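Per-chain numbering from 1; labels A, B and C assigned in written order.
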Amino acid sequence: MTERDQRRIDPAWLRGMTSKRMSRRQLFRYAGVGAGAYSLSAILAACGTEPERQPEQPEPGGVGSPEWWADQEAGDLVNFTNWPAYIDLAGKDEQGNRIRPSLQAFMDETGIEVVYRANINSNEEFYASIRDALEAEQYTGHDIIVITNGQELTEMMALGYLIPLDHSLTPNFNENVGTAFMNPAFDPDNRYTMAWQSGMTGYAWNTKFIDGPITGMQDLMNDEWAGHVSLFGNNADAPNMAMIELGLDPQTSGPEQWQQAADFLSSFNEWGGLRKWDDQAYLTAIENEDIWATMAWSGDIINDKLYYPEFKTFEFATAEAGGVVWVDNMMIPAGAENPLGAIQVMDHYYKPEMAALLTEWNAYVSPVPAAGEIVQADADDASGGDKAVLETIATSPYVFPTPEIESKLHTYRVLEGEEIEQWNDIFLPIFTT
Amino acid sequence: MERHLPPDLHDLRPRGRRPGRAAAPYALLAPGGLWLILLFIVPMVAMASLALQEGSALEGYHLTWRFANFADVTSKNWEFLLRSLRNGAIVTVVALVLAYPIAYWIAFYGGRFKSVFLFALLLPFFVSFVIRTVSWSFILSDDGIVFGTLKSIGLLPEDYRVLGTTFAVLAGITYNLLPFTILPLYVSLERIDRSLVEAAKDLYASRAAAFRKIVIPLSLPGVFAAILLTSIPATGDYINASVLGGPGTAMIGNIINVEFLRARDYPEAAALAFILMAVMLIGAIVYARVLGTEEITT
Amino acid sequence: MNAVATETGVTAARAPARGPRRRWTRFLLPAYTFAFILYLSFPIFVIILFSFNDTDTGFGTAPRVKTTWSGFTTIWYQRLFDIPDLTTALEHSLLIAFASSLVAAALGALIGLALARYRYRGKGATNLVIFLGISSPEIVLGAALASFFVSLGLPRGLGTLFVSHVMFSIPFAAVVVRARAAGLDRSLEDAAMDLGAGPIVTFLKVTLPLIFPGILAAWLLAFALSMDDFVISQFVQGPSTMFPTWVFGATKVGIPPHVFVFATLIFLGGLVLAVVQILVSRRRPT
């Protein structure tokens, strides 16, 4: 077995990576501050229509109000549930358990134990698994969960399934959060959520089996690859990507455009070469070489490529027509047993050093602009294999988006009320076939 | 000579000899019966009522006696219903063909080792069926122990795959349901009086004819039970389609599952489940009538 | 018979031609049976074998089973309880299986006894309900139970799991005990009553011991059904994940080797239990 820490670097690849494009410090400020019409912040802040339902102030003394938070005592244990491959890793301790430096730092500092589980593989399925407990107002077993902006998050906020945050308890967040992630349209004033990482949906392929770049969904419908191609089967990525590829703007789309996108997606079912409508499990499939080309999330592929030598044949790119950008958010579900501990953990990740640790590992877009400078500084200081890895991350257009990429990014279509059912009726049957 | 006494001797007793007796069966039935009524009959009624409701998760559900739900749901999902019925039929036929020779051989020629053979046959099914199905997805994986070896030898083309096809799903369902086919067949074959077969041979019947004319007709109750116990779970199965299948293999169970647990369209899911149940029941009753068995339950 | 045959001379003429053919076809069925048993056991061998597979594929989460063999190790047996969620799920399954099988065996045994012994109004209905309980597709049962709990607003969890598992096991228990009770000689009970024993004493001292092997078998069956149950559990478990549903969820990303280890252990446990049950029922007078 190859040791995780050995990273073999291809010299040609290294040459390509070290050619200068734009000053890196410019990039970081750009991503964070959001000057210019096409910046990430503009995209995220302006996505979709204003939600009809204005966030309500919690009742005085009710759950989530400042008085309620003041009463909370931090317990000994926080149950933190997240998606896989999302938190930094370094080696193992004596019992063979993996160490997560950023989390370890929190545990050492506060003495609170954090039980971290990477169980979330799909927003829909995870939400379905905790919904009953939330309805019954019971503890779900999780103190922090990470959900992408979308239908499930909208529903959870509308039904009161989340505990409102008291931002007097989140100093690091208040100080360090980038404007793109502050007061997002899907959660005004960060009432309930704080961004964990943001990422893009694009396409990944294994150069061991496939040469050319995948430029769009249509490319995947290649008979030579029949049976080795997959697409995301959740109710957000594929529909939006299909619309973008057809030249439709998701934000202004209606049921007619959805039907067009649905027909396009159905053509994959008719083709017969699609192996699966997948979700997070696509990563296992592409690692097993069952899948050669697939829809993918940026950081997953970059992380695999950089940190696991056996996957250096993986490539990622957003579609030429444009990609989708989403935000995975930390939030505290109702009934959590240790909300104060939870909010402390959440705030801990807004320290630039911690945010940098995350991005250096998972290669996703950080909500903390200051982290970018730390990543660059780490890359400058490092040497050998480490240096090449960090340089790649520091210069990756998918981790620190260039204006060119940003100009083609869209957010998910925000759905409200009846639209949710209409959308599901049109798209869900395609994935359950 | 045997005296044939009525099976229920209590009928011979003068009434009133033991006054509490009449209540005895009801006393025995009460606890279990109550449980079943509360948690079997009532939920079925609840499901039927839910099938007539409208609404959504955010607004709540209301009983509007919307019988159109059944029509809507059928027209939307008839493809999956048909596919499930077809799969159920294929699985049943294949399972019967596979299981009959085994049941026959063990029943007739097993001798002292009958229970040992049965035990060996059923032993694998001690492991949870989800894990057995997962094990099959493991075995049948593209580069796993079976196909990987065959491919490296060169017996199979590189892009050959079984997982994700209807074949894999059918194979999985058949495998999982074989005990339900073998057991009823065995039980009824074992009861056949051997001397009848001997008598047939005495009358110059060949072995094949004896088999055809004596064994098969006498084993029909077992065949009926086997068909029932195999086709019903096969039609309603969705695990195999989920683990071993891919696009184009989903069965009606998958739809009910998705509607209930993911989309939370309870009225639609309940209507679909109700229709599935109705189809199975009608099928079983028609089949029973055709076969002429008076009691479905032995 | 032979005398008749040789008189006609037919058998004598046929015998030599039949000889080699009979020998060949005679082996067909047994060979088929053995091959079949091997085929049925194959996945189990794979499970047991791969529970010893050395896979250190971490990928940041739990280790996953690999489809190729890479070395023998017993490490997974040592680090059995590494995955807390899996251990909890297994605990839930064992707890519910144990509790629900006891109750189901008891209630089902009573029903089975009633069905075997008495004729009463509603016997046909009881038979029908038992039949429906056994033959209903599990997904219909699961959907019905979930509808019921949803309509009542009951939170789904261990409580709903318990009552649901008892419910679907009762019909099976009833059928097993009925089969046992139907074959018993009633005169033993009558003798006891003639000697002055009241109905309850007769029941406890005569009937119960006689049908005990049936109740034991019913209990084991209910236990196995409960441990194995996936569909109904998936509908009524809520946040209390059970072992089969946990495994099913894990198949999306790849199951950890611990699942195979647990499966092997459960299999061996079941094997031991089954052997014990056979021995017990052999020793008791029928």
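The rule is short, and it goes like this: contacts are C-beta pairs under 8 Å (C-beta built on N, C-alpha and C of every residue); 3 or more make two chains touch, one makes a residue touch a chain.
The shown structure was predicted, so the numbers you read here are calculated from the model rather than taken from an experiment.
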item	value
Contact-richer chain pair [B-C vs A-B]	B-C
Per Cα centroids, the chain farthest from chain B	A
Rounded Å distance between chain A and chain B, as computed from the means of their C-alpha atoms	44
Distance from the mean Cα position of chain C to that of chain B, given in whole angstrom	14
Per-residue multi-chain contacts in chain C, two or more chains	67
Residue numbers of chain A (touch at least two other chains)	125, 288
Residues of chain B engaged with two or more neighbouring chains	141, 143, 261
Interface residues, chain A side, partner chain B - complex	124-125, 128, 131, 155, 158-159, 226-228, 268-269, 272, 274-277, 288-290, 417, 421, 424, 428-429, 432-433
Residues of chain C defined as touching chain A within the complex	56, 58-61, 64, 67, 70, 79, 82, 84-85, 155-157, 238-239, 241, 249, 252-254
Residues of chain A defined as touching chain C within the complex	1, 4, 84-85, 87, 89, 96-98, 115, 117-119, 121-122, 125, 129-130, 132-133, 135-136, 138, 140-141, 279-281, 283-284, 287-288, 308
Sites on chain C touched by chain B in the complex	1, 29-30, 32-33, 36-37, 40-44, 46-47, 50, 65, 67-69, 107-108, 110-111, 113-114, 117-120, 122, 126-133, 135-141, 143-148, 150-151, 163-164, 166-167, 170-171, 174, 186-187, 190, 193, 199, 224, 227-228, 230-231, 234-235, 243-245, 247-248, 251, 255, 259-260, 263, 266-267, 270-271, 274, 278
Residues on chain B engaged by chain C in the complex (per definition of touch)	8-11, 18, 20-21, 24-26, 28-29, 31-33, 35-36, 39-44, 46-47, 49-50, 98, 101-102, 104-106, 109, 115, 117, 119-121, 123-124, 126-132, 134-139, 141, 143-145, 148, 175, 178, 202, 228-229, 232-233, 235-236, 238-239, 242-243, 253, 256-257, 260-261, 266, 269-270, 273-274, 276-277, 280, 284, 295-297
